[in-house]
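Lettered A, B, C and D in written order, each chain numbered from 1.
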Amino acid sequence: MNKPVLEMKNISKRFGSVVALNEVDLEVYPGEIRGLIGENGSGKSTISSIAAGMQKANEGEMFFKGNRWEPASMIDALNKGIGMVVQESGTIGGISVAENMFLAELGSFKNKFGLVDKNKLERKADEALKSVGIAGISGRDAMGRLDFQDRKLVEIAKVIMKNPDILIIDETSTALSHDGRQIMYSLIRKMRNDGKSVIFISHDLDEIMEVCDTLTVLRDGNIIRTFEKEEFEADAIRSSMIGRELKGDYYRADTECTSLDEVVLSAQSLNYKDNLKDVSLELHRGEIVGVGGLASSGMHDLGEALFGALKLDSGHVICGSGKEILSPHNAMGQKIGYVSKDRDQKSLCLDASIKDNIAIAGMNIFKNKINLVTSSGEKRYVKKQVDELKIKCSDMDQAVGQLSGGNKQKVVFGKWIGCGSEILILDCPTRGVDIGVKQAMYQLMVKLKNEGKAILMISEELPELIGMSDRVLIMKDGEITREFKRSSTLSEGDIISYMI
Amino acid sequence: MNKKLTKVIGLIMAGAMTVMAGCGNSAPAAQGSADNAASAQGAETTTQPSGKTKKIGVLVADVSGEEALGFRNYYEKYIQENYDVTFDYTDALASAEDEKAAIEKFASKGYDAVISLSSSDRAQQIETCEQYGLYYAIASGVLDDEQYEKYKGYEHFVCQIGPSNATEFEAGKAMGEYFKNQGVKKVALYGAFIPNPMHVFRAAGILTGLGCTYGGANDMEAIVGQIFQDQGIDLSKVSGDVELVAYLQGYGDTTTDELGAAIQKAPEAFLSVGMATTFFAQTLSQENIPFADIDSFTAMNSQSMESGSLKYLAGKYSSSIGPVFALVSNAIDGNLIRNDEGNAVSLNQGYLVATDKATFDEYFVNDNGDSPIYSKETLDSIIGSQVTYQDVKSLVESK
Amino acid sequence: MSTPKRIVNALAMPVVTLVVLQTLCLLNGQSVISNMKSFDNFIVYTAIVMITTMALSINLNSGRFDFSLGSMAGLSCIIGAKITYGILSGGNGSAPLMLCISLVAGVILGLISGLTYCTLRLPPIIVSLGVTLVYEGIMYTITGGKYVMSEVQNPSMSGLTGTWVYAALIIAAVLAFMIITFDKTAFGYDYNALKSGQKVAVATGINEVKNTLICYGISGGLMGIVGTLNAARNTTINGGQLNFGSIAIMFTAFLPMFIAGYIGRFTNEKIGFLLAAVCMSLLNSTFAVFSNSVNATMQSIINAVLLVVFLIYLNNNDLIKRLLKA
Amino acid sequence: MTDKRKTNIKQKLISLLPIAALLVLFAVFLVVVSINGYRLDMYLKIVFNEALVLAVVATGAIFIYTLGTFDISLGASTLFAATMGVMTYNKTQSLILMIVAIFAVGITASLLNSVLASVFHIPPFVTTVAMMSVLSALSAQIITSYGGALGGISIPSEVVKPFDNIGFKAMLLIAFFAICFFVFQFTKAGRRMKFVGGNPICAELTGIKASKYTILAFVMAGIGIGLGAFLTLCYTPSVTTTTASSIGMNIFIAIVFGGMPISGGARSKIYAALIGGFSYILLNDILEIVIDSSAAYGITQVISAVFFLAVVYVTSMNYRTALLPR
């Protein structure tokens, strides 16, 4: 091949005492679609964000088109040829679409009085959106009014309109529907055809294998191996990601739909805004029910509704004892646990220690005879969870915010399992979790099922729904459109059409 | 880490700078007092009665009023220069707790006496001084009769010298009468810090002097009682030949608007029971409204008198607190003077009234600079181990 | 919402206030604003409230709580007064000179405050506590804890607030400045971006420190104007406000800030500040009318109750709307 | 792993810094007092008395701060409770009833804040601003109405004299602190409050009813207010309109000085107010003795503010972010 368009040499990055990147070299060539894959905390987002000017490396040097590459900021990098669509939301809700697209460079829209020319700004934004092929969004729109997917598309347009030589896409496809993905894929292909490069980061092995030409695996801040297209093979890639062979099963081993008869939780005609329309379901003891659909299908609201966290317009959530669930407080009383999709905001207190986070739900268990919370009881209780779930930490007083995504999720699990939850509502339990932890989670779910616990798993990833659930409920526009029973023949293709 | 270090050093530097800035700022003051000390030495080398410098703490609540500044100048500039004494002024004391803590600090610093210009809780002050064995004297305002009766026998309670409540009433009454005789028909009244008793008595006096009744009453006791009850003056309860068109009191966010409202009612005179020069002189002279005040003979008031806007001033002179010092000084030296009944001295001081520049200047100039009314020569006549109650009484009553 | 409807909605608040208060005053046989003098006062007070509220909102909108507003107003105008007096000795042109110097001093004090915040990276509320104490301390040291009087008592100063004209000009100038700066310039756009999406905005390349410093500078400058207006109005500046004596001024800005937020739904937020200030000023004029029967104690209780009542309305209004929508 | 452990040790050391600051200040205080030849025993008593009420009220307030909100009406509430206590005694001549009244009023005033906040969804901070105005206005009205010529209301000093000794007060302080410590550390409620402060959404999704704990926190603060008011009366048996006025804002300083983040949450510490309160008073007394000039109150305040910021800066060294904190 010809000369690389981007060369990164000996890049190191440390966050405090944590080494995120350890003397990494990466080269990207023109016309190449390069995949980056690795477990959480492997450094794939870090290295791409350094290239895109979002943060600076502690050591190492970069060359872009043969010149030294030292971007001052993301917008600087973008203007000079490297643009990135970031993993978390890269847009701001309170301002207009056009302002978002030209964020940090409104200085270039000054009129002769030195003021920002709003009309020109919006015109430019509209042009850019149109050229990328996004219809139905105007530069004048308030960003906050757009849904998650449209926001993501605006972000992509913002990068593309600068006509970058390298486009970096970090974990974006999970936010996009089928249509959105098609727009993105066509943009990626167009980039390749124009002789430009794409760095594509994803957790989704299937997707990344399909989209990319080459695939680089990172682990613990090091580059492990780069696969060429013809070498792509799922198991090999997986094991280089986690650094060992995956032992045992990944998903459930059995293909039978099994559960006990006892209904432990039932929803009766739930209605909530436009997001839930007459939703009814039953969850049995020893059953894993999967709920799938697009992000906007209302399934995430369903999770909160079952936990009593939404003020329903109508309908009832009744648990096995016959009691109605009206609040999270009620739900906990009925031994229901809820793991939110939005882990950092809703399931954890990041400033607090692992101990505090796990113990908070279990005080009724380890309190002493006179109802007091003692340090020794607490430590014993938390240690059990930390050990059983193999949470990696310096000690249980470490702040949860310092942990990796997978370990954070283990803490959330520990919190709910420790307090003896009989029913678990898991919303995207493996989101942002690396493969090793994912497998552990799946095995844990199997164990819990075998213990007779009931699990409702909401997920945007079809493979895990198919792989884990006794029944899969598919939601679309706030309604349950279809139910699938577990079977060895169930495939994504069978399901997708009911989602979109 | 290095960055953090730099920041810490920066902070320390900033701290050091402030200290230095502070020193820079206090340096001129220190120099000033050194000058004073030097000139004092030049002028006075003879009288150094006892070997030890007396240390007197002064409790103050008001650090900015004209009267308070005058008092302070007299003690810190004049008395401190001429006698072997240091005065330690507190910060503006906001509450009874602050007063007590201040007295305790004076005590632990080994001070000899406390002179009080602060009145959050006088009873508490007396008790605390008694507890710590500090001589105590009141230099502004007086205790009410009941309190005086209770504390007059306290061993360390030296004296209270100042206008009695009846004197305050008379001062107000004289002002009211003056304007009534001038033929004024519409007046505005500023009640200053009613329900401060001093101000209540003055306000009652003004009403009486104007020939007005308040809630039907025309004697001091009844009017004062009602004003305390009403927390101010209720215009609807005032009746008489002279019309009270506006009333305001206190000083805060709304005062300026209240003053504006009062001015709109076109009063022919603005009568104040205190502090008017500080707060309103500018606006009133702008609007050409003559005003009257009960305050003291200070430069600021002199200006107002000169510009013609201040028509009437009943004032204390700044050195009126001289006898208090004399008695405290005597007590420290072992001559604790008691009145005829053997109790703490309680003497009444009257007001001086100026209605023209000449009179004002007479009092003002007299009380300024090197020869205050209570000058060293005068005070020396009541300082010493042989001085008696009668000496003090006759001197104070003569001034 | 259509434009006429917006205008009606925006004006509803001040108009209703005027009608209610005028009725109250008429029952008492007077008018809220009965003559030129009270009109002058009304406009001056409107200017003070509007500018204070703006100064508070600039930082509070971005989640930065600033207790130091009052101390900035006090210190900047003391500096202004001292320097002006040193140059002109109270002569002609004292007021405009003092206004300018206080404005500059305010900007500098604001910048120092902002710089302290950006350097220490402590929560702004804590920094503002420290800054307040420092400024109060300096104020006390300069003045010896006394009222500053002779420096601000001259015909030029009393002329500044003696007529509505200058206050109206100041209102217009500040309003224009604020609208242009916050709605039309790149700084303003960046400010809005930082306000609602700090993390993204910073990652994209907006210079947060610079933007923040400008905010503090503007806020300080505005307080310099407020300080001068207050000095002219009260004919004194209180130099002895130790131990957080200066913070009260910010509490008076809360009610107008919430009112402005409400009006701002229908019109430009800055116009909202003006209209809210008009409401507050009307209330103040009413207090002046009733000054003989409503004392300062009652006034502060009334103000507090209005604040709570308005917030109850505001917050539960939202709730009601949300319920109706569903 | 060892690196992480190192960081943890460093963090623990830094979290001990406020205690170290207290000890250093205390040592300096001892030196300064003895150098000047002042009576140490008396000066210690003064410091204790000055810091006592602040520490007690602030310790109660820790619960409110832990929840991530703050209350600026505490000084006014203390004044109001003391006022009502004196009124009760003067009506009934009963010490018991007076104490009951003080605590009842303190708790009620505080509760009212939380109820307004949780029932009407008003930010607790704003209700406390309103509450501050109302309570201080009411107290002023009562005190001046009944205080008349004395300018304040009081109970006979003999009534509280038996309680005005260090031993008794220290016992009360220790007892109250022990109760707070117990609630904070050993009850479910205490743990839950910390969690609510750390992440209210997560707390709700863990079945914790925030409003219940808001009310509880304000009750604890109310007890602190009551005790503070009682101790104020023990020290000076009279109440004036400015009683307890200095503690309102000093509570902020004390809590932050004691090493607790103002945003509360997981890093809340029950001992912060005690340590911070005593440190701050010691600091001010040291400066007052060292800079022994009545013109220097301003400078003293400036230095103590700079010192305050420096200590807070060093204590929070570990929690820097790339973004400016809000």
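Quick note on the criterion: contacts are C-beta pairs under 8 Å (C-beta built on N, C-alpha and C of every residue); 3 or more make two chains touch, one makes a residue touch a chain.
No experiment lies behind these values; they were computed from the predicted model shown.
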| item | value |
| --- | --- |
| Chain labels contacting chain C and also chain D | A, B |
| Between A-C and B-C, the pair with more C-beta contacts | B-C |
| Chain located farthest away, centre of chain B as origin (C-alpha) | A |
| Where chain A and chain B are represented by their mean Cα positions, the distance between them in whole Å | 73 |
| Averaged-CA centre spacing for the pair chain D and chain B, given as whole angstrom | 35 |
| Inter-chain centre distance, chain A versus chain C - centres from mean C-alpha coordinates, in Å | 45 |
| Chain B, residues touching no fewer than two other chains | 7, 11, 18, 22, 25, 91, 231 |
| Multi-chain contact residues (two or more partners), chain A | none |
| Where chain D touches two or more other chains at once, by residue number | 141, 246, 295-297, 299, 302-303, 306, 309, 313 |
| Chain-chain contacts as defined at top | A-C, A-D, B-C, B-D, C-D |
| Chain B - residues contacting chain D, complex | 4, 7-8, 11-12, 14-15, 18-19, 21-22, 25-26, 29-30, 88-91, 94-101, 104-105, 107-110, 119-124, 127, 132, 144, 147, 165, 195-197, 200, 228-229, 231 |
| Interface residues, chain C side, partner chain A - complex | 180, 184-186, 188-190, 192-193, 195-197, 200-201, 203-206, 326 |
| Residues of chain A that touch chain C when the two form their complex | 53-54, 72-76, 86, 89-95, 99-100, 103-107, 109-110, 114-116, 273, 313 |
| List of chain B residues in touch with chain C within their complex | 7, 10-11, 18, 22, 25, 63-64, 69, 91-92, 231-232, 234-235, 246-250, 252-258, 260-264, 278-283, 286, 300 |
| Chain A-touching residues of chain D, taken from the complex the two chains share | 1, 3-8, 185-188, 190-192, 194-195, 198-199, 201-209, 265-267 |
